[in-house]
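Take a look at these structures.
Here chain A shows up in two complexes: once beside chain B, once beside chain C.
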Partner chain A sequence: MTDSRPRFVELMLDWLNGKLAPPGVRIEADTPLFRTGLIDSIRILELIAWTERATGRLIAEREIQMDNFRTVARIADVFAGSADLGVPQSGGLT
Partner chain B sequence: MLTDRPIRYSVAVATPRETESLAAPISTVRANSLVPRHVPESGASFRTSVVWSEPARHDWLASRLAAKRAATGLLKASAIDERDIDIVRDGRDSRWGTQVTARHVAGRTRTRQLSLPLSLSISLSHANGHAIAAAAHHPARIGVDLERDGRIASGHADYFLAPRERKLQHFVSLTALWALKESAWKALGCGDTTPFAELELLFDAGSCVRAVRLGAMVIPAVAELRRPWPGWVAAVVVLNGVTE
Partner chain C sequence: MICAPRQDRLYARHAAAAELGAWSVERDIRWDAIDRRRALSRPDLLARLRDAAIVESYHPVNIARLLRLACDDVDAGALLSLELYDGFKHFHGLRTYLEAVGHEPAITDADILAARRGGADDDGLAEGDLIARLVVFMLSEHLASYFFRRLGEQAPEPIMAELLSLIAADEARHAQATSDLLAKRIGMDSSIVPTILDAAARFRHFGEAALGSVPIALPGDPIAIRSFAARIEHLCGVRLVDHLKASL
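Coming up: the complex of A and B.
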């Protein structure tokens, strides 16, 4: 699906900014999520679960590493590039 | 609950109430003071290394206060005063933030101070103005993590626990297990490209941590869980004699 990545990024940003971003902060695709403490490292578990639901596939153990979740762009590169996304046309995947 | 303590280490905490009077509000802080930088405007995009909010400042202060206390506690026999211990930045990692080390301020003049490095492994963790820090003498390496309890959904256990670790869910909460693994991660200094599955806590029959496995390497360890305040869980993991 050629247009799956932009849609994935858009939906993940909506979800992150609605649920996890601190007040007054807007997360963008290239915003470091963990490096500056913007998001607690424990929140990676929610990112993994969201990504699995969005892509409709289980993430392999070897892919669960902080580097693959450092930004929304990175998550999309690793997991949404060739995925047949199961993301809804509207709304989040909360 | 988890282990006895064959390795000497020190743990200390700090609370928001203790940091409230430690520094002026952020708007009055000078650029070259210990408390850096500025708050982003509302709605502004987050940019690395320039953001400093009031909650972050309290976290920073609390973590340094706890680190000073942990170092002082460990150095009790040497009678170094807490005021003569500097906690200084020693690098930064994308997973757990700033790495720190400790120095002993051996002498001061009006314009200079003489600081000597202390051979300590220090780890700190903070959230919502609360902080915990732990210190151990090198070559031991220590890691600490502080979390609000009950933050992990049961369906997320498989993302970070090895099959053998999952059996511990009957005895230890998922958040506590996360804190233990995060502490081991810090103590080992694992990088961001290390898969979570590479690191495993090895427990004995009494559910005590006895070692940490990283890939094919097994390192003897001691670990401890604490509940420093209601609703919080903290973990400390100490590895003895790990070399680079």
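Coming up: the complex of A and C.
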């Protein structure tokens, strides 16, 4: 779903900036999420939850690697690239 | 007639496990074999040990509160007492190690008391919320086990590695003991499961109340994170990620 990827990125950024970004910090698609301590690494579980809900598929244990979640762009590449996204064309998550 | 302790009691099982894993700061650490030069080659690692020692010194605040809240539970009183003693031993061992290698700044009693005062009033949890506090304690000890294990793997000095390995094993036992206390409470009243899931979802390490932030040994340790989630799933029968999804 090549046209869903930009929407996935956009919605994830909205969610991240509203929920997990520290005050005064704007997260972009290529912002390192964990390497600089921007987000506590245990919060990866929230990213997994959001991604599973958006893509409609479970993320396997072996896929829970920081490298797969290092940026929003990377998350989209790994999990939103071939999935039939549940991301709606407008509004929040389905 | 010799009466052996009844192993069907939760506290007896954990007391036996604690006894099997017991070690002494005075007798079991080869203090005179420390290679000071090698230890000092990793000041970043020593700084994290210093923070960890202060977190360990915070147990008289945190576990004392848990003991008070769980005073209706004989098992909890015993298990938390064992953990309080181990926590002291960890603090004592780490502080002794840092002093032996001459790490600066040395931990002062004023540092310890400042951490205790700082965290005594506001840790983001309701004062009387025993279940949430047990969850936070269990998960903190779980991550502490991985912290000490990973730091031990990076240790440039053998005695440091030995000390951290002993502490890591204790922390794993503490996490399991607290999990067993929670499982016992679920067995008595399964309506506490959502409280456990919520506490796990909002988790902040109890040491943050003392230090502001807790040290990390391996950022994004995938095994620590997976097992963190698995521990909750095992206890509650619900994937933590599914619970998080419901609250998005």
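Observations
Quick note on the criterion: the second predicted complex is superposed on the first by the 88 of 94 C-alpha atoms of A that agree within 3 Å, B and C clash if a C-alpha of one lies under 4 Å from a C-alpha of the other, contacts with A are read in each partner's own complex, and residues count from 1 in each chain.
The working rule: a contact is a pair of C-beta atoms (placed from the backbone, for glycine too) under 8 Å apart; a residue touches a chain by one contact, two chains touch by 3 or more.
A quick note: this is a predicted structure, and the numbers were derived from the prediction, not measured.
Aligning the two structures on chain A places chain B and chain C in clashing positions.
In the superposed model, A:P22 makes contact with chain B only, not with chain C.
Contacts of A:I48 after superposition: both chain B and chain C are touched. Once the two complexes are overlaid on the shared chain, A:M66 sits against chain B and chain C alike. Looking at the shared chain after the overlay, A:T31 reaches chain B, while chain C stays out of its contact range. Measured by the number of chain A residues touched, the leading partner among chain B and chain C is B. On chain A, the surface patch touched by chain B in one complex and by chain C in the other comprises residues 34-35, 37, 41-42, 44-46, 48-49, 59, 61, 64-66.
Here chain C touches chain A in the complex through residues 143, 203, 216, 219-222, 225-226, 228-229, 240-242, 244-245, 248, going by the rule given at the top.
Put simply, chain A touches chain C in their complex at residues 15, 34-35, 37, 41-42, 44-46, 48-50, 52-53, 59, 61, 64-66, 93.
By the touch criterion stated above, chain B contacts chain A in their complex at residues 39-46, 48-49, 51, 53, 56, 59, 92, 94-97, 127, 147, 151-153, 155-156, 159-160, 175, 178, 182, 191-197. On chain A, the positions that touch chain B within their shared complex are 22-28, 31-32, 34-38, 40-42, 44-46, 48-49, 59, 61-67, 70.
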